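Structures for review follow.
Consider the two complexes below, in which subunit A is the common component and subunit B and subunit C are the respective partners.
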Partner chain A sequence: MTRPRKLIRWLVLLVVFHSIIAGAGFFAPYDPVEQDRDHPYFPPMRVHFVDAHGHLHQRPFFYPLRLREGSFDQYEEVTASAVPLHFFTRGPAYRLLGFVPSRLHLFDADGARIYLLGSDAYGRDQLSRILFGGQVSLLAGLLGAAVTLLLGALIGMAAGYYGGWRDELLMRAAELFLALPWLYLLFALRAFLPLAVSPLEAFILVVVVIGMVGWARPARLLRGVVLTVKERDFVRAARGFGASDLYLLRRHILPETASVLLTQAAILVPQFVLAEMTLSFLGLGVPEPMSSWGNLLASLQQYSVLVSYWWMYLPALAIVPFFLGYLGLASALQERTGDYKMEEKSSWSPT
Partner chain B sequence: MRKERCFTWRCRITIGFFLACASFLPLAIKAFPRPQQTNAKEDLLTLPGEIGRSGGRLVISLRAEPKTLNPLTAADAPSREVIGAMQGDLVHINRATQLTEPALAKSWKISAGGLQYTLTLRRGLRFSDGHPLDADDVLFTFRVYLDESIHAPQRDLLIVGGKPIAVRKIDAQTLIFQFAKPYGVEERLFDGLAILPRHLLQKSYEEGKLAQLWTPSTPPNEWAGLGPFRLKEYVAGQRLVLERNPYYWKTDTKGNRLPYIDELVFLFVPSADAQVLRFQSGETDIITRLGAENFSVLGRQQRGYIMTDAGPGLEYNFLFFNLNDLGDKLSADLTRKQKWFRDPKFRQAVSAGVDREAIVRLVYQGRGSALWGPVTPGNRRWVNAAIPHSPRSQERARALLKEAGFSWSSAANGESTLKDSDGKPVEFSILTSSSNADRTKMATFLQDDLKQLGMRVQVVPLEFRSLIDRVTQTKEYDACLLGLASFDADPNSDLNVWLSSGGTHLWNPSQSHPGTLWEAEIDRLMEQQLATPGYEQRKKLYDRVQEILAENQPMIFLASPDILAGAKNSIANFHPAILEPYALWNVEQLYFRNGQENATR
Partner chain C sequence: MRYFLRRAFHAVFLLFGVSLLTFLFSALTPGNYFDEMRLNPQISPETVAALRAQYQLDRPLPVRYAHWLNAVAHGELGFSFAYNSPVGPLLWVRARNTLLLTVTATLFAWLLALPLGVWSASRFGRAPDRVLSWATATLLVIPDLVLALGLLILAVRTGWFPTGGLVSVGFETMSPLHKIRDLAFHMALPVTALVLATLPMLVRHVRASVAEVLQAPFLRAAVGHGIPNRKLLYGYALRAAANPLISLFGFSVGTLLSGSLLVEVVMSWPGLGPLLLEAILARDLYLVIGGVLLSMIFLVAGNLFADVLLFWADPRIRIAASAK
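Coming up: the complex of A and B.
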């Protein structure tokens, strides 16, 4: 009884996280590409409820920062002027989920800029960039997983169901795919493409590449499942009644593979998010000024950033809850299918 | 022979004493460093400055391995830097004052018409292998530099008015250099022309093998120079070790023979960040070519070193558009874009829309200066102060674009798009070198600046070699952000950039005849200043060149970084200059305050 609840818990968690990223325009206070050239590498600001004199404020507020005297990168709060935060305000225009135009933002600071997670070298808000960057990274992961599973399911089912030379051919191809050094091939591929690719083209390229690379593992897995399922009595019976191959695959075999596919999806999505981050980190993902979790981390390749601005690591932390969510979901799914199999066995074995 | 006898004699007498004191000897050496005394017959150069102590081993990192130790073929910066410490020239430019000083030549005289230079060599000088130097070595050197089959990069500078310089020997110490036309470069010409040892090289030269000679792996006894240091050891992929040249021809004011340091070690450390780490951990003693961000990291965590901002250098960073006349090879896309790029108003508008002040502040953390022309404020003698430093102005940029026939259309989301007279949107890409974080950052600022003018710009970071290949060979690019560093303050060091026939005339290199009127005028002015003696006259001509460049903006000059360097506290006489080789220009005077302690490190 507790198991389905566990599954639902993980699902709810994931839905919440994804909604935050999907609603980045609402949760992010600023446009992610807007530069504030007076505030490069600004440290994260603290939100206060109690001011310097010990008075409790109704509204949360923050103190603007200024350079500490005699220093060029140490900031201190100017406690003389508290800037209150306002909620559900109108700010820069964005499109919710890419369609709905809106100007509503979760919070705003009366025209002053607040950097909850600091700013980058160009004075762009790190929080907004992480939220919008998540859209790119997560979407690439989800679409990549969808492409992979589709390819993997088609190839794996074909190989398992038809067997013979087709099986041999497809499985050897799968092994070849597993053996290729993908990262280096990608660098080579990038050299053949036109110099400047638009952000959309770059995104599609990343998704296609990630999707194409990953199909071999699910295909092999599905082939195994299909191999056992196709020998089951109800499949044989259906075939005996003259069912066509397509009908058998669709009606009897595919449903049997659903649990494996779902578990695979839950494992692949975070893997592919990480793959997108790797590509962007190396400069093969979406170009500046667009952000993705990978190219947000790319600035850490510089030693000076690495040792000076700790908030530049934050995008790496952003993926942690998503990974936890997906991996939790995967294990819950696995446990559920395990149970299902057990029940199946216990109810069927006596006969 | 006599030396040997002397040794045995002293040995016999002192052997007992020596054995008794053997254990104290190293201490005694440490306490009383013994400077090398000089010989009265030698005509040595006395350098003013702080008196140092002998000994020690100075370690510095080098970005790459020097490709060669042959001054005739060296073109890369690491090779030039190493060779600079190993070779001597007749007349030298003092990197701190930017003026010429006597070097191997004790004095020189220029004839009234400026056609004849008489140089007198110092007496009693020797190469690092002990072989004496005389006028024949100089004759040989110039014969080799002028030999077309050698392809020495310095050769172009030795051709004046289409004729090579003629060199004549008067006696063992005196030489006459004859010019076909007056030469504006004057005695600066001799700076960096390493005088070569005839006794080692003549045979290979006659066999035609000279250009392949003197790689870093050359055995030290087959190598000789006139610089403060000589070759000791080369470990491929790791380091090059130079040792003190005992025959060096400079002394300090107390008559101690320079250099003070016993060994100069170049470590090959490819990345700038790795160089910073090595310096921080104390593995290297001096760091140069520092970026502003690493400079402030080192400045913040000071542990036994001092960081110096030597002020604005000679590097200028700029954006340029593809203005090559490609004829049939031109793609339709680039033809359309070149219609905008060729319009000076378009380039002026881009220039007006660029926030140079932000680049200096954010890319160089304030350690740099904004540029409106190619001559940086660091080059005080040649900069044209009259060139207007117009601040960023979107209005002026928009007005210029409007005049040039561009218009704007605004999209639903409030963003306006710039359209050309055919109604096509203005989009182009900017190439930058992916290994240069500063320039990539500049390009990202440009991208945002130009977006506010309605231009859609993409930044394409590219590996440096393929970038250069695109710019100079295939010419498949829209625009490119690059930087150049003049090696000397004199305008002639950039001759190759401004002459339309030059290979570094980046926006349209190696033209057979100038493509535009203003390029023709620059060609004329540059050639005229080359043949004009006298600073004032030449300055007037070069000022005009700077004006034309500022007016036509073939390059949109952006900013120039300061020269930043650092050294351990124990290193004295450390005064980095803004000219190459920044911190090593006075390497013969550098010394360790704590004397020989470093030798045992």
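Coming up: the complex of A and C.
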């Protein structure tokens, strides 16, 4: 009784998170690649309701920052001039979901720049970059999972349905892929693909590489399902009526695998988002100026950034709610299908 | 004996498959290490061609693979273009450091996971178990990259731990005791990251399998006989639950190797990870293949070790093996 509700709860949570990222243009106050060389490495700014004199303001406001006297990296608030925040204002143009042109933004600061999560070396707004970077990372994860599941479904169904030497061959290959530590596999695949490419090509490359890594586990699970389903009476009956292999697979066997595929998707997507992050963090994925959760973290490889600018770590935390949501969804799905296995729930790498 | 032969055969098949796979991938690659030289006007095309010929990059793939296999059979893993030296020695130095890290982390992770998991299972569903479940769930939703970077920031800002490298400057002049302390000090951060990344999975598995065994009739009988709790849990239950856990050990070696790759790069630990990354960026073909293969050897060794353990711990396997 509580189980469907649990499932719905996690689904709603995930839909909310994804909508925020999908609507990055609306939630982000600035263009993610717009630079402001006068404001490099500004710390996160605070939003106030009460000003320095103790007066309550009608709308939230913030104080611009300036360098503290005699310091080169410490900032202080200029309490003389409060800049009010306005909501649902017109700002820089963007395309919602890549299609709908719009200028509507959630908030704006009268043309001044507010860095809620700080700014990077070029004065780009971190909040905007995290939101837009999420689009890249999540899309890579979702597409990667789609590629993997497609591959896994094809291979698993072929192996389970046809059996014999095909089954033997495919499952040996799957074992090979399962045994490899996933990051090494990712590296090995990435090592032999071109390095200097345009952001879009790099993105496609990342999706393909990620998609090719994880097919083995879904393939094996699907093979198991197909093995049992193909002996069921309704399948035999359909075959007796002269249904072709393709028809049987598509019409009768594929629907039976839906729950396994769904659960696998819930497990794979966050892993693949992380895989994209890892590749981009190491400089093997999506390059600048495009932002992704991975390459936003790349600056942390410099010691100076690590020491002085802690807010550059904030993009790392963006993935945590998604991990939580997908983990919850996966375990709710597994409970629902009765396939309650600790192993599946807690193994976080595709291998 | 048959059992081990079969496992060993499996391992060899795995290594063979991986090497073939990496070579196949390398054949798909556009460009190679010498491409940049071709752009350099000071190097004549003939020189580049000669270099390519010297490293046999102009030969077809099967020939190259055969050559490489032959070299491996003679204990050489090929030649690194970038370092201009054989791959073997390069890898061994780094592999030692990686092993130091992963073996320590494995040890700590299991030493922590076993008592925690057993303790949690013995209080299944009660408050301590719930708290621990929450803790592991929390750790589970923090990806290893996020965890490693977070620890690094913490270390940098507090200055409690060194943030990179294997040893301090002046390591050679230290006394043996100080050397060990220095090394441990440098290892603390990467080992913590690795342990925290693998711990939740291990604890959950231990908890699940011990909890399952605790339901078994023979253990209820043992409780009825008044056998002390500690002996019951660690002597009986853990031993009966060992089978899936040992399989998990083999599996966790793979996860740990992946994790270690990342942690090494993040925390600049001079292991295989940074070397492999450099090699990928430089298109240093044989170094990449060697590195991947070496990690496979670790993995296979870990799995074989798990098999031996399994054979030792589970009488059913012993009997099945000797019955054949």
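Going forward, the second predicted complex is superposed on the first by the 317 of 351 C-alpha atoms of A that agree within 3 Å, B and C clash if a C-alpha of one lies under 4 Å from a C-alpha of the other, contacts with A are read in each partner's own complex, and residues count from 1 in each chain.
What we mean here is this: a contact is a pair of C-beta atoms (placed from the backbone, for glycine too) under 8 Å apart; a residue touches a chain by one contact, two chains touch by 3 or more.
Predicted, not measured: the structure shown is a model, and the values here were computed from it.
Asks: Tell me which touches more residues of subunit A here: subunit C or subunit B.
Replies: So, of the two partners, C touches more residues of subunit A.
Asks: Looking at the overlay, what does A:Leu282 touch: subunit B (first), subunit C (second), both, or neither?
Replies: In the superposition, A:Leu282 touches subunit C alone.
Asks: On the A-aligned overlay, A:Phe323 touches which partner chain: subunit B = first, subunit C = second, or both, or neither?
Replies: second
Asks: Per the contact definition in the header, classify A:Asp110: touching subunit B only (first), subunit C only (second), both, or neither.
Replies: neither
Asks: Tell me the contact category for A:Phe187 with respect to subunit B and subunit C: first, second, both or neither.
Replies: Touch status of A:Phe187: second partner only.
Asks: Look at A:Val307 in the shared chain and tell me whether it touches subunit B only, subunit C only, both, or neither; answer first, second, both or neither.
Replies: In the superposition, A:Val307 contacts both subunit B and subunit C.
Asks: May I ask you to decide whether A:Pro40 touches subunit B, subunit C, both, or neither, giving the answer as first, second, both or neither?
Replies: In the superposition, A:Pro40 touches subunit B alone.
Asks: Name the contact category of A:Leu274: first (subunit B only), second (subunit C only), both, or neither.
Replies: The answer is second: A:Leu274 touches subunit C but not subunit B.
Asks: For subunit A, which residues belong to both interfaces, subunit B and subunit C?
Replies: Shared contact residues on subunit A: 195, 283, 303, 307.
Asks: Can you list the subunit C residues touching subunit A in their complex?
Replies: Within the complex, subunit C contacts subunit A at residues 14, 17-18, 21-22, 25-26, 28-31, 137, 140-143, 145-146, 149-150, 152-153, 156-157, 163-164, 200-201, 204-205, 208, 251, 254-255, 257-259, 261-262, 265-266, 276-277, 279-281, 283, 288, 292, 295-296, 299, 303.
Asks: Could you pull out which subunit B residues touch subunit A in their complex?
Replies: 273, 276-277, 291, 293-294, 296-297, 300, 355, 358, 361-362, 365-366, 413-414, 429, 431, 434, 437, 441, 444-445, 447-448, 458-462, 476-478
Asks: For a test of understanding, state which residues of subunit A touch subunit C in their complex under the given definition.
Replies: 172-173, 175-176, 179-184, 187-195, 274, 277-278, 281-284, 297, 300-301, 303, 306-307, 310, 313, 316-317, 319-320, 323-324, 327, 342-343, 345-349, 351
Asks: So in the complex, which bits of subunit A are touching subunit B?
Replies: 33, 35, 37, 40, 72-73, 93, 101, 121-123, 195-198, 283, 287-289, 302-305, 307-308
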